[in-house]
Structures are given as C-alpha cells and as structure tokens.
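Read the structure below first, then the notes.
We just call them A, B and C in the order they show up, numbering each chain from 1.
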C-alpha cells in the first residue's frame, strides 16, 4: 500500500503529537527523580525544578544489594514467565484453532469460565498456600498468572485467520504429526502474534506485584520483584501517614517522592529493549 | 516425546508442591517453638539477628523460642480466615478484632491456666484483666500501654515560645488553635499551618465512644449522667460537630492545605508547625528535632477518656486449637516479656550497643537502630515493661513516666458502658452499607473540606434510608441488657 | 454408534487425540489454578466462620452455616446504587467504543507509514504508559490537577484564570478518567492490532493495486475485515465485564475524593468502601458472583447474536 508524501507527512505529525502526549508525563517522572526534596516541597511536581539532586539514585546505589537483587529477580521472573506462558498459551490456542476439533466447545467453555468466575480470594489463597505450599517461593510469582484466557483467544483468532488450512492439510497428507505441524509450520508463520503476546505477557510479569503482596512474607526481601518494591514504598507512605498520629508507632520520614520516581524510572528502562524488537518484527513482516 | 516429558515434569512438580505443604512437626525434647504473629507493615532488617538472640535467652530460661511473623491488617484477616497456623497472635480493637474473634471461639480460654501456670503474669496485669475478657472468661493477655485516649497538638515550640515569646500551655480548647494557626499564617502567607493528609484530624472522632462504626456514639462527657448510656448518631454530638465546624472555618481561611482530602503524605521535611496525635502526658517520642527540624511541645486538647476500645490497644491471644502445653509455653513467654526488662528491651529496641544505648535509665536509638530495627513498641509486647525512649540526650524522657500515666487515670472520664462491645452478627448488611456512606464523607469532614452541617444532613438522609435507626435501637437493646447482666 | 469410520474420520480421531495431548499442560494449569479453588464460590452463600485448628475447606463446608442470598443484600441497600450502576455502565460503554475505534484507526494509520524505524519507535513510545502502575499514574494526575501546586492551575494562573479545585469538581471527572484510561491503554491495543495487520498476506494488496484500488478502498476491503475477528472477541469480552471496572483507575486516580463520587463511584469502588472495615469474604464473593453472572448472561446473548450475523465472529 502506498500513500502520498503529503499524507504520510500529516500522519507522521499526528503520531509525533500523540507520542509527545504519551511521553510528557514520563519525562516528568524522570525529572522528579532528579529533583531535590526542597524543590518538591516548595513547587510540587515541576518540569523546571528549583534545584536538582541525584540523592535518589545515590540512595539506590547504597541499597544496590536490595534494589539490584529485585531488578535481577524481575528479569529472571519475566524471562521464565514469558517462556512458560507462551508455551501454555500457544499450544492451547493452536488446539482450539481447529474448527472441527471434537472438544472445541468444551475447551472454549473451559477457558471462558475462569474469566468470569473464581473461587475468591480466601479459597485461592488457601489452595495455593495450604495445598500447593506456594507461600514464600519463587513459583508463587511464576505459576498463578502463567496462563490467560484472553491471550489464548487472541492467538486462536490469529491462527484461524492467518494459517491457510491448505498448508496444514498438505503437511498432514505428507504424514507430519500434529505436534510437528505446530512446531514446524504454524509457529514460524505466527511470529508477529508470538512476539506480541510474548511481549505483552512479559510486561505483565514485569509489572506484577499482586502475588508478591499476597504470598511473600515481609521478611523475604530476596523474593521481592521490583514492581513490588515500588508498591511497598507507596504502602509505606500511606502507612506512615496513618502511624504518624499514633504514639508508640515509629517516627520516620516516608520514602521521598524522588526515590519512588527513581524506582519507576528503573521499571520503565526495559522499554529500551522493546523498540528494536518492534523493528525486527516489522522488518520480518515486510518480506 | 518432548511433550510427554513436560507433562511428567509438571505432574511431578505438583506432587512435590503438595508434599511440601505438609510440614513436619517439631521434636518434643527441643524447646517449644511458637509461631507468633506480630503487627507491622514489614519485618525490620535486623529481625533474624534480634530473634536469634532473644531465642537463646528464652530457650535457656523458660524452654521456649519464637518465630515472629510480621503482618499488616489485610494479611491478618486473610491468614486468620483461612486457618493458617499460629500459637500467639497480636489482636486489638482495630486490627484482628479481639472481641469478634474471642466471641467466635478463635482464642484459647486462658482463665484458669494463667492463674495456675503463670501467677506472676496474672499479678502484674491485675487489675486490667477485664480488657482481655469476654463474658467473664480471659481470652487475651493485655499488653499494657496507655489505656485512655488523649489527643494533642504537636506544636513548634521554637517558633511559638522562642520567636513569638508565648508560653504554650499544657492544655487548650480545640477552638483556641485558631490563634496559633493565624499567627503562623500571617508570618508565612504561602504555607498552611494545619497541613494535613486525607486522614485529617482523626482524633476529632474520638471525643466519644464509638459503638457502631464511627457514626453511632456515646460522648464521654456524659459519663456518670443519665445520658452516659444513651447511644446517639454522631451529628447529635454537639462537641464533635463544633470541632468539625471550626475545621471547616479554618479550611476556608487557608490554614489547611486545599487538597488535604486527597493528600497522602506529610513529610517531616515540610516543617509543618502544628500536627496532631494521640499519646499520653510525658510522651517524648515526637520531640526529636533531628527529624522534625524544631523542638516540639505537646499541648493537649482532648481527653483523657477511657473505654473498652481505648483500652484494647494491644493484646496477645493464643490459638484455641493448640495443645495445653503450647498455651502454657505462650503464657510463660508473655510472663518473661512482662517481668524481664532487659529481654523486653531486646525485642522492643534491638541489641544493646548496636541498635540502642541506655542513657539515664532511658533508651536512645542509634542510627543502626533507626535503620534496621524500628518497630512499633506496642507490637512486640507490653509497653510499660520496656524502657522509655528518649529522642536524644537533650530530649530526655521521664524514665518513670508509666507510674505517673497510670496515676493520672484515677478520676478521669471512664465510659459508662463498662466493657460493652456491639455484636453485629445479623446486622453485617446494614453496617456494610452504612460504612460505605460514612467513608464517602469521612476524609472531607476530617480535613474541614466540606461544611459539616450540610454533609451530615445529606448523610443522615442516606443512612436513614439504609435503616440506621433500626441498628441504633438494636445496639441500645444490646447495651441495656448487657448493663443489666453486669450489674 | 459408528463402528467403522472412514479414513478421514479415523485420521481426525487420532489428530484429536494428539491435540488433547498437546493441550494437556494448559488444561492441568487450568484445573490446578482456576477450577480447584472454585469450590470457594459457595462462600457467597455462607456466613463464613473459621473453625480453629481446621483448614479453610473444613471451616467452609462444615463450620459455616448457609445463609441463602443474605450476602447479596448489602449491594441493594445503598441508596445510591442506581447512580453507581449507571456510572459503571457509562464508563464501560465509552471505554469499549474508544478502545476499538481509536487503536484500530491509529494502528491502520501507522501501518501506512513506510519508515520502519518510525513505526517501531511509535509503538514503543505508545506502550510506555502501560508500564506505569496506577499508583504512579495517580501521582502524575495529581501533579497536573493539584489545586495549589498543580501544573494546570499554574498555567491557568498565568493567563489570569482563578485556580480550580479539580478534585472537588465532579463535572470534569468523566473527561479526566476517559483521557487517563486512553493514555494508559491505547498503546497496548495498538500493538495487538498491528500484529494482526502485519499478518495480512501482502499479495492481497498487490493484486488490489493491480486492479487500481485506492488506498482507502484497500483499508476498507482488506485491512478492516481482517481485524473483525479480534475486535468482536474484544466486544464480547468487554460486555461480559460490563459491571466491573478497573479499581486502580476509579479509586487511585480519583484519590478517594468524596466530593466527586457522584461522577466517579463504580460498583467496585462501592464494594471496597462497604467492606473497608470488615473484610467479609462472603460479601465480596457475592458481589463478584453477581457482577460476573450478569456479565456472563450478557456475553452469551451478544455471542449468540454475533454468531447469527456471521459464524466466524462468535466466541463459542
């Protein structure tokens, strides 16, 4: 598809403006992370703080054992999680993409029902802790969110639309096994969706804190993913505002805004790795 | 086949996890190891180190060790509901509700055991056992601390006394705060002397005993009169309404930050000249100029008032499912906390010489102590049996302050409800709906953001529709029959 | 019963057997993490009491009494409930519409741009806001909207307009919430749609070009039909969640401000407020069951209608 240069220019302008809109608040976060506390107190969030300070990052370096460990844990978790969920999601989606699959309706029901009904917090917690023994383990961060009905549907729809039935049929005639067809024919033809779902699922893992909050005790800092460290800092702020008025409770300043934003910056960093991924993705499709 | 391998692996994995779930029992000839749930947002960094040292002492002295597990409110609810194992647990009026859980039979009946097994503990807590009793049985050991509610303004004395040459009184009326706030506002027109978060001046809602939620109350000032046992809706408490009206006036005057109702934190580096808090006379914990940036003087504006809920600030209860042997061990541990100051200080402040030092019979925390072992004093045991904290060598606390605090409790306003607590079973639906209505006004009221008369009017209409007055008469009926029974 | 299947039948049968084998790990995951805990749903019909020394399952089934539909009643006692439901449905419908129209439009437009680098960077940048947790987003919106220190009021002051107390002005909040939602999620859906667009067979466009089709026609007849499948999956699922909202957006971003509740209170926020002092698991389970039960019925109806229109669109 070709469009004229002027139209392309207009389109580009639109995307640049929208991109700036998406980016501005994030630049603000970066600026806050290098603003001095004094400036934060007098002016609040500002694109042009009175004075700058690297205290937040210095503090981070001082606590590199803790922050660095969490960062590393998040990376490992994201890698393992992405591989695991892609395996679970793509196999299921492939199976469900067969319109004449005998248990097709049953499978659809199987993945749809949990999207609406769950056993609730208490039952899930009891099963995970008392039956599977997941409390305070790495598995608790990995397993409960490994699969997702939504992404199975996204991928199933893609397989149905984009994999020609003739190709699969021909391979089957040649005597290829079902698994073979999946690994050798379907997967190579589905790179865009694999990369996209893999990426979004990786983001899920990178951003997850909920399971850490529920299943990791507060004295197991070695199992805190980075996003949970941030969540925990925010909780500290809330908690200290409460405790401030109670005698016998401890008196200390909450973690500073700039430190919280510095952790946020650390969390956004991996996007640097994403951009080239998109480039590779679109190059491959062009061919 | 690759796939089969994966399947086998996963099945193995699930089996392993199931096996994992069944823990082994501790051996009997070892010291009894108790699982102890402690209140706290997070465990301090030096927890393992401190507990290890404490365990060495307690194993030697009473044959008991503990595993302390820190939990916040949500975690308490969840672990309690799902029946997670514990021996001793923190419980109180506002977290892991003592009365509800004792009523439901969650806690061990310690009535006889505490007398026979740990007479010294019984003696020390006497005459305050009523706090941990329900229907005449003891279900929890009170961790004694301040038992009455006293609300203070924490005022910048460097400014008011030093710069302005005033003498801050020990006690003022709530309305008199206006004078101090306007003084600061004149000198610092861009600042808010009464800067506050969305929790606001929560103490305002403690000028009465809360019977149901925070909206059905009995004012303390009626104690001893015929109205002392009459439950009223909060908008009929004139004293409380007056305080709210003042706050709204101050909000309009610009003494309170305009976004108070949505503000989440109030750092000490903000140098707010006036804060509030609940403490006791002689408390020095807020007077640390290295944190606040100035010296602080406490000025009381409310209380002391005493009722069941103010007394139930901290208790330790024992799981009703444990063996008698473990219940005894728990009691022995609590006895040790009450009777051995050095041991108590270890859990309260960490390791001497590292996390704190003694100075003039009080405790002064070191930097390492503030960084690695800063825990709530009431969470790890009785406050009165720990040494008193001084903020620094220049800000010394009275090492014998507890004797004076308890002496001060003689002759104060004590609620006439005599330990009554409302049993809401069968009324959870109404209280949930009422709580939702209440919550939507709470922050705005406590920060002076809205006109209390208007807001209470709206709230009243909504609450009546939900059946507030049915609930009120039920609460009154329960209270009357309770008072009849304890006569 | 067929005793002798024809060749294709038996091939199908053996194929289905392998398909079941391939899906086994996922099925096991579903059984372990979704279906096994589902017994917990009965808590919605029980007054839950823990039995000391017993696990959750014993307490639930043996220790707790049945209370019928008592746990559902707190939802209907709220005098504001009709307003709350109206808010919930309003926001969900607006989000549903915008989440389809905007990302599709933007991704189709982006696919027209020839520069690889431009497309890649645009996608990465648009995905950035998705990285931020709601608490951070809440700090950001506060930075713009704060009455005395907010960037917007500063700007207004410059041009001589008196500051506005945003957190006390209900009328602006539908706009703020919609904008915040879009800002955070458009990039996410764009990436999803772009992956669908990039799977379109290029030869389709080539032959259309040979036939002299204009770009707008190619978009209309090739690109958009290709997105119909995934878009209808989205519509159906969103309608199924019509009574649930993103708690982070409606609670954290509004900073729990009471003065704007008339415009911002949704079902989930109400439930949170009602149970804030009393984490009654029976009540929250009942609320969830009702929200999703209604959503599920709606889903089945919409699915049926879409299926009638075009069998390819349906979900089931």
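Couple of notes before you dig in:
Simple rule for what comes next: a residue touches a chain if its C-beta (ideal position, glycine included) is under 8 Å from a C-beta of that chain, and two chains touch if they have at least 3 such contacts.
Small disclaimer: the values here were computed from a predicted structure and weren't measured.
Taken as a contact graph, with one node per protein chain and an edge wherever two chains touch, the assembly is complete, since every chain touches every other chain. Here the chain pair with the top count of touching C-beta pairs is A-C. Centre-to-centre separation between chain A and chain C, using Cα means, comes to 16 Å.
Spacing of chain A relative to chain B, judged by their CA centroids, is 37 angstrom.
Centre-to-centre spacing of chain B and chain C amounts to 39 Å, using the average Cα coordinate of each chain.
Each of residues 22, 25, 32, 48, 55-56, 142, 146, 281 in chain C touches at least two other chains.
Residues of chain B in contact with at least two other chains: 3, 14, 78, 81-83, 198, 264. Within chain A, contacts with two or more other chains are made by residues 121-122, 125-126, 130-132, 179. Partner chain B is touched in their complex by these residues of chain C: 21-22, 24-25, 28, 32, 47-56, 58-59, 70, 73-74, 77-80, 142, 146-148, 165, 167-168, 255-259, 261, 265, 270, 273-281, 283. Taken together, the chain B residues at the contact with chain A in this complex read 2-3, 14, 17-21, 40-43, 47-48, 69-72, 78, 81-84, 145-146, 197-199, 202-203, 264-270, 275-280, 283, 285-286, 288, 291, 370, 374-378, 383. Within the complex formed with chain C, the chain A residues making contact are 1-3, 7-8, 11-12, 14-15, 18-19, 21-23, 25-26, 28-29, 32, 43-47, 87-89, 91-92, 94-96, 98, 100-103, 105, 107-128, 130-132, 143-144, 146-147, 150, 152-154, 157-158, 160-162, 172, 177-179, 182, 190, 192-193, 195-196, 199-200, 203, 206-207, 209, 227, 230-231, 234, 257, 260-261, 264, 267-268, 271, 274-276, 278-279, 281-283, 285-286. Residues of chain A touching chain B in their complex: 37-38, 41, 121-122, 125-126, 129-134, 139, 179, 214, 217-219, 232, 235-254, 256. Of all residues in chain B, only 3-4, 6-7, 10-11, 14, 74, 77-78, 80-83, 104-106, 198, 213, 257-259, 261-262, 264, 319-322, 425, 428-433, 435-437, 439-444, 449-450, 462, 465-467 touch chain C in the complex they form.
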